[in-house]
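Paired with subunit B in one complex and with subunit C in the other, subunit A is shared by the two complexes that follow.
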Partner chain A sequence: MSVLLDLAGHQLQDLLEKEEISHLELFQTYWARLQSVEPQLKALLTTMEREAKAQAEKLDEQRRGGAVTAPLAGIPLVLADNLCTEGVQTTCASRMLQDFRPPYEATLVGKLRQAGALFMGKSNLAEFDLGLTTEDSAFFATHLPDSSEVACSGAVAALLGREAVGAISNASLNTAGLFGLKPTAGLLSRYGVITATSSLKRLGCLTRNLTDCALILQTICGFDQRDSLSLKRPVLDYRSFLKKDLKGLRIGIWGEITPVLKEISEKLQGEGAICQTVSLAYEQVLLPVYQVLVAAEASSNLARFDGVRYGLRVEAPDLETLYRKTRSQGWGKVVKQQIIEGTYFLSAQQYETYYLKALKLRALIKEEMAQLWGKYDCLLTSLAQTAECPGRILADLTGEPALALPWGSVVALAPFCGEEVLFKVGASLERSYQEGGASHGD
Partner chain B sequence: MGTKWETVIGLEIHVELKTKTKIFCACPHEFGARENTHVCPVCLGLPGALPVLNKEVVTDAVLAGLALNCTIELYSKFDRKNYFYPDLPTAYQITQYDQPICRQGYLEIDCSGKKRQIRINRIHLEEDAGKLLHSGTSITTSQYSLVDYNRAGIPLIEIVTEPDLRSPEEARLFLEQLHALLEYSGVSDVKMAEGSLRCDANISVRPFGVQELGVKTEIKNMNSFRALEKALLYEVARQKAVLEAGEIVESETRTWEENEGRTAVMRSKGEATDYRYFPDPDLVPVVLEAEWVAALKDTLPELPQARKQRFIKEFELSAYDAGVLISSRVLAEFFEQTVALYNEPKEVANWIMVEYLGLLNAHNLEIGDSKIKPAQLAGLLQRQKEGKISGKIAKKVFAEMFQSGQDPEEIIKEKGLLQISDEAALVLIVEQVITANSQSVEDYRGGKKKALGFLVGQVMKETKGRANPGLVNKLLKEKL
Partner chain C sequence: MIKLLKVTKQVVVKLADLAMLELRNGESLSIAQALQSKLEHLAIFNEVQTEGVRPLFYVSSAQNVFREDQVGKCLTPQEALANTQENAKGCFKVPRIV
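Right after this comes the complex of A and B.
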């Protein structure tokens, strides 16, 4: 039975197709595992046993009646707790939304549900995804078995070790041994995703292998008329990109060349790619620009949490006290800090110095990247040892896609709608590491 | 006193666009629906909900801009105006701050024969907030408030004039003519009573000849054209008194208190809020094509001034009469449709202006609320012309039509109001009256012309007003 826990999503699908296992059996295996590790891990804020079981039973019934064609039928997934699930608690790891049950579901959730996925639960994250680790969650911190600090999606990663095939989460790209794909901004619908920011910190999917990643991406991307920033693009056959070769692919190596990064670039060169080091003129300003924009957007997007219509309300004798008490008690320290900073950056006297300047720099950064993509097809960078990863920040600022690799905290970046390159590169490395072994360490 | 003062007024007008759905979501746009029934995650500001722009809103804003001779900006964008209030679900209003959709237009107004061009500074799009209902009698003493979000997300255009108006009367005329223009363009119902047209004023005074503007106050809560004029007249007098007493006018927002007939301070302008405007990151800019705008211009219906000229030419009406008839699109159409069925424009115009508008005003109704149809008025006037009813009776029938909406023939039949023009029948009554009023007969024969009038009156009384007055006159004269 534990063999099931090691299989990839697409392999599980084969078993289900051949009816070697039932959907219910699969669910029960994963659920049992979850129950055994979750008390220590504490990766989930809400479990969805009833819903997942019901979905599994429904699929079994469908199979008895005929074929099941839903693309993700029976695949156990975990959703980050900032995705609205109708009728199921969605908290963004914040006291502000404790017990909030959305009356509607996010577009992505709907797509996954209709594709037959099983939702095992809602995962922990930093409060409103404004911190770095689940230490910043309002409820509890998630810990890997070795008690190391866990990044937002690391909670999911830990869980994914055995308990789910994939997750839709804030691909913060500190993924502890998983593939984390953050698709081009606009490919995934934001409708129903509760974010403190609008143009930064996008969603992505986390999986144990790249085939599952392609499978999930194909299912969830696509135009959504309820999201003004949604891209009207045909859905591509992402799985087909996994087999493509790398001959002549121009790869830029950005930043410190760690041993793993060196190893990776050698593997890629072995496949016919050309690797060269690059530097970015705007490297130094990436972090400050990012911080200003995140705080500014957060200060505005979080203003709607005022105790009037939903979420936490601290009763008070007058309106202003209601606002003040609710917002003081509803937020943790990191969120409050962001709101205060963001308010400052947007204030009339500071607007030009901070926010406007950040917007202008962002435009310049995009321009520089546009030039760069003329010379390179892909960038590789290693997560800095510092808290914020420059690769992720760059992808957030430009809206371009990124793939976190399970080896050495390396991130691959590609141009607008360049997921094909990411899958090519990732798949080649996946094959190489599977055959030859070598480091899987962080 | 010595100084001659000049009044300077600018207006900020909010107009609700008559679209099928709200500006950023698909909720229906309907007046008077039960509270909180036209709401959804977007206009309730639920976490995770996102705005999507309604194209019809852009079309209407551009039409309004074209009707007001504005430059249509091919690139405009949305900004967030951040502040906290329970009727604002997301704690920011989506509006247009520094790049509005229309700029630099004008509206020509006629002020006592003088033509003035009032410049429009800008028109921009924004969303409306919900409606608050406070328990008790006033906001300061109420125990609780209720919020209705049906109105949250209703599309508005805000029209801002330059401070070109020079008197409260001009301001009222401007608003009336703007009202007509917008009604004609079809973008809004512009009903002040329903809130689809709201007007705030900025007003200051300065000595004649001085270029610098005086300190201005903002006046709110003027809910009719007349209230606008009254409020501004009051405020001008108030400011003059302050200045003539050697004091300075405070920069304030004041509310018009209709019952007390005065303006009162709402808040001091010194506490101006910093709204932290920034471009809304959930929306994309609005980019228009010049050809699209040009094509839209061709769809503008005949606007008030053009229609007025046409009425003067085609129907040979006076400028005054034409002006009254075009003041409302519904009224103008009623007139034209009636004339199409009964081709006596001057007569129809008079009837509408005197009888019809008289009744509407007396009952405090708009022409759109009345039951009378053009065919019915045409029918009534036709019968009067044919002598089937007298002028006096016609007015009675019309009043009845106004109440019941019935056709004139039905009313005439039901009430037996057909004019009696049968000589034989009348002769009998005339002879009866002569016999019964020998004194008057004597008087008349004796030279008192007035006595005839009395005798005519008696015949009319006998016939319940239905006798043909001309014929009665003739018969009496013959018999006497």
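Right after this comes the complex of A and C.
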């Protein structure tokens, strides 16, 4: 296997800047890797050889004419297939959108393109990101050793691309030995992201190291007036947080203390952090609240798919039959289940009992977290290998950031706009594990 | 207060009708069973008092986000129609409704 595949994104950029390799050579290395592995792995729904090669050649031409300053110049990336890419098939892993070619691109995609990234392909996911694994994709399941992983992380783990940007859903918090950052709600623009749940699942990035993660976040975050809930905050130099020390950092350890979580907390205490176990009063309602809100939002957001303006269309003698047949044939079982449940929770008789109640509970959960952040700077928790694990969904409910660590399914949570803490903690552990060797798994 | 209802196949058929879905044989029953199971778990909602609590619709405090009423770039009619299978005279075409 080429040595280029072992290098971090920022290391590849060093080689490119020194002209020790060309952008085309780097692209060809990753493309060869993709061709050899992808037929068995099936992590991608669409490959983008032509676009990526063209971008690489353009960068080489720019470099011949002078310096290339784009921050992600030449770095191969994988995009999740719910990010609109202009002119390129974007399906959300659903037959409902199987021939959809967006006439515009997502803000994040535009930023990555301007930053010089090469898009190797669009990754598989659960249909409209409503299932847990790619077994719920309408097209095929990705063949990963651990069926709890999703294709975006699998694609990066298999080196089809250096890193990935996509929906960091619950399943993606199980990240195949990668860092998975889910930033604060509103830091990344949602424009051009096709999502079934507007206020819950969010985008983020999956990377092999934190330096690349910080670089990607810096590149893609920022206010976007096309997203009405985009945060107006300055773009920070996230890489500067990678070297900060942890003295006095207050870390709460939440949930079951697995051997890896114990090891991680001991490492952090060795760096000066103060670790204490914590419990959450509303832990038992996290999953029920999440389930109601996901179903309700999905049933509402997916109402736009009617066969008229885009996507699958099943011919019918009248309009209503066209809607019913298109919607019935376009979606798989999981999506239909969510829509039916959401329709129930939003119905006039059940709205207050379920949906409104879930929103009130969400307010209580957020209030509890606000109090917790007065005492702690960061929470660590271990994700169980089940969908019922509350650690998977707390960040979705509160909009606060989360960083999945590549060791033992451990996730770090931080307050609103607390990415600095996540990078500090993650970087300290990254240095520790690099010096001491890899940790065992769960 | 949650009072557990029996989710029958007929309830699911009615919900599907509201959601403009046609369910195939067996789908109604399996969806009913899954929803019933979920409702049983949701009974935990009864254990937490939420009187006087304002519902949290979104995680940030943003409200009524407006923009200036200025014309900006938007899709051309050709771009907007590019993904539809049926169009005529610059419009989306649907089966007659009258």
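As a working rule, the second predicted complex is superposed on the first by the 408 of 442 C-alpha atoms of A that agree within 3 Å, B and C clash if a C-alpha of one lies under 4 Å from a C-alpha of the other, contacts with A are read in each partner's own complex, and residues count from 1 in each chain.
To be clear about the criterion, a contact is a pair of C-beta atoms (placed from the backbone, for glycine too) under 8 Å apart; a residue touches a chain by one contact, two chains touch by 3 or more.
Bear in mind the structure is a predicted one, so any value in this text is a computation, not a measurement.
Engineer: Return first, second, both or neither, reflecting whether A:104 touches subunit B, subunit C, both chains, or no partner chain.
Structural biologist: In the superposed model, A:104 contacts both subunit B and subunit C.
Engineer: Considering only the touch criterion stated at the top, classify A:300 as touching first (subunit B), second (subunit C), both, or neither.
Structural biologist: Touch partner of A:300: subunit B, not subunit C.
Engineer: Counting residues of subunit A in contact, which comes out ahead: subunit B or subunit C?
Structural biologist: In the superposed model, C touches more residues of subunit A.
Engineer: For A:351, using the defined touch cut-off, is the partner it touches subunit B, subunit C, both, or neither? Pick first, second, both or neither.
Structural biologist: first
Engineer: Between subunit B and subunit C, whom does A:318 touch in the aligned arrangement: first, second, both, or neither?
Structural biologist: Touch status of A:318: second partner only.
Engineer: Considering only touches as defined above, state whether A:183 meets subunit B (first), subunit C (second), both or neither.
Structural biologist: A:183: touches no partner chain.
Engineer: If you stack the two complexes on chain A, which partner ends up touching A:363: first (subunit B), second (subunit C), both, or neither?
Structural biologist: Once the two structures are laid over each other on A, A:363 reaches subunit C alone.
Engineer: With both complexes overlaid on chain A, does A:288 touch subunit B (first), subunit C (second), both or neither?
Structural biologist: A:288: touches subunit C, not subunit B.
Engineer: Report for A:194: first if it touches subunit B alone, second if subunit C alone, otherwise both or neither.
Structural biologist: In the superposition, A:194 touches subunit B alone.
Engineer: Which partner does A:332 reach: the first (subunit B), the second (subunit C), both, or neither?
Structural biologist: neither
Engineer: Which subunit A residues are contacted by subunit C in one complex and by subunit B in the other?
Structural biologist: 100, 102-104, 199, 225, 228-229, 299, 306, 308-311, 319, 323, 343, 347, 359
Engineer: Can you name the residues of subunit A that touch subunit C in the complex?
Structural biologist: It is residues 99-104, 185-186, 199, 225, 228-229, 231, 282, 284-285, 287-288, 291-292, 299, 306, 308-311, 313, 316-325, 327-328, 333, 336-337, 339-341, 343-344, 347, 353-354, 356-364, 366, 397-400, 416 of subunit A that touch subunit C.
Engineer: Spell out the part of subunit C that touches subunit A in their complex, as residue ranges.
Structural biologist: Subunit C residues touching subunit A: 1-2, 11-12, 15-16, 18-24, 27, 30-31, 34-35, 38, 41-42, 44-45, 47-48, 50, 53-60, 62, 65, 67, 75, 79-80, 82-86, 92, 94-97.
Engineer: Please output the residues of subunit B touching subunit A within their complex, sorted ascending.
Structural biologist: Residues 41, 44-53, 80, 82, 84, 86, 89-92, 147, 274, 276, 278-279, 281-284 of subunit B touch subunit A in their complex.
Engineer: Using the touch definition up top, name the residues of subunit A that touch subunit B in the complex.
Structural biologist: Counting only subunit A, the residues touching subunit B are 82, 84, 90, 92, 97, 100, 102-104, 106, 190-195, 198-199, 225-229, 296-297, 299-300, 303-306, 308-311, 319, 323, 343, 346-348, 351, 355, 359.
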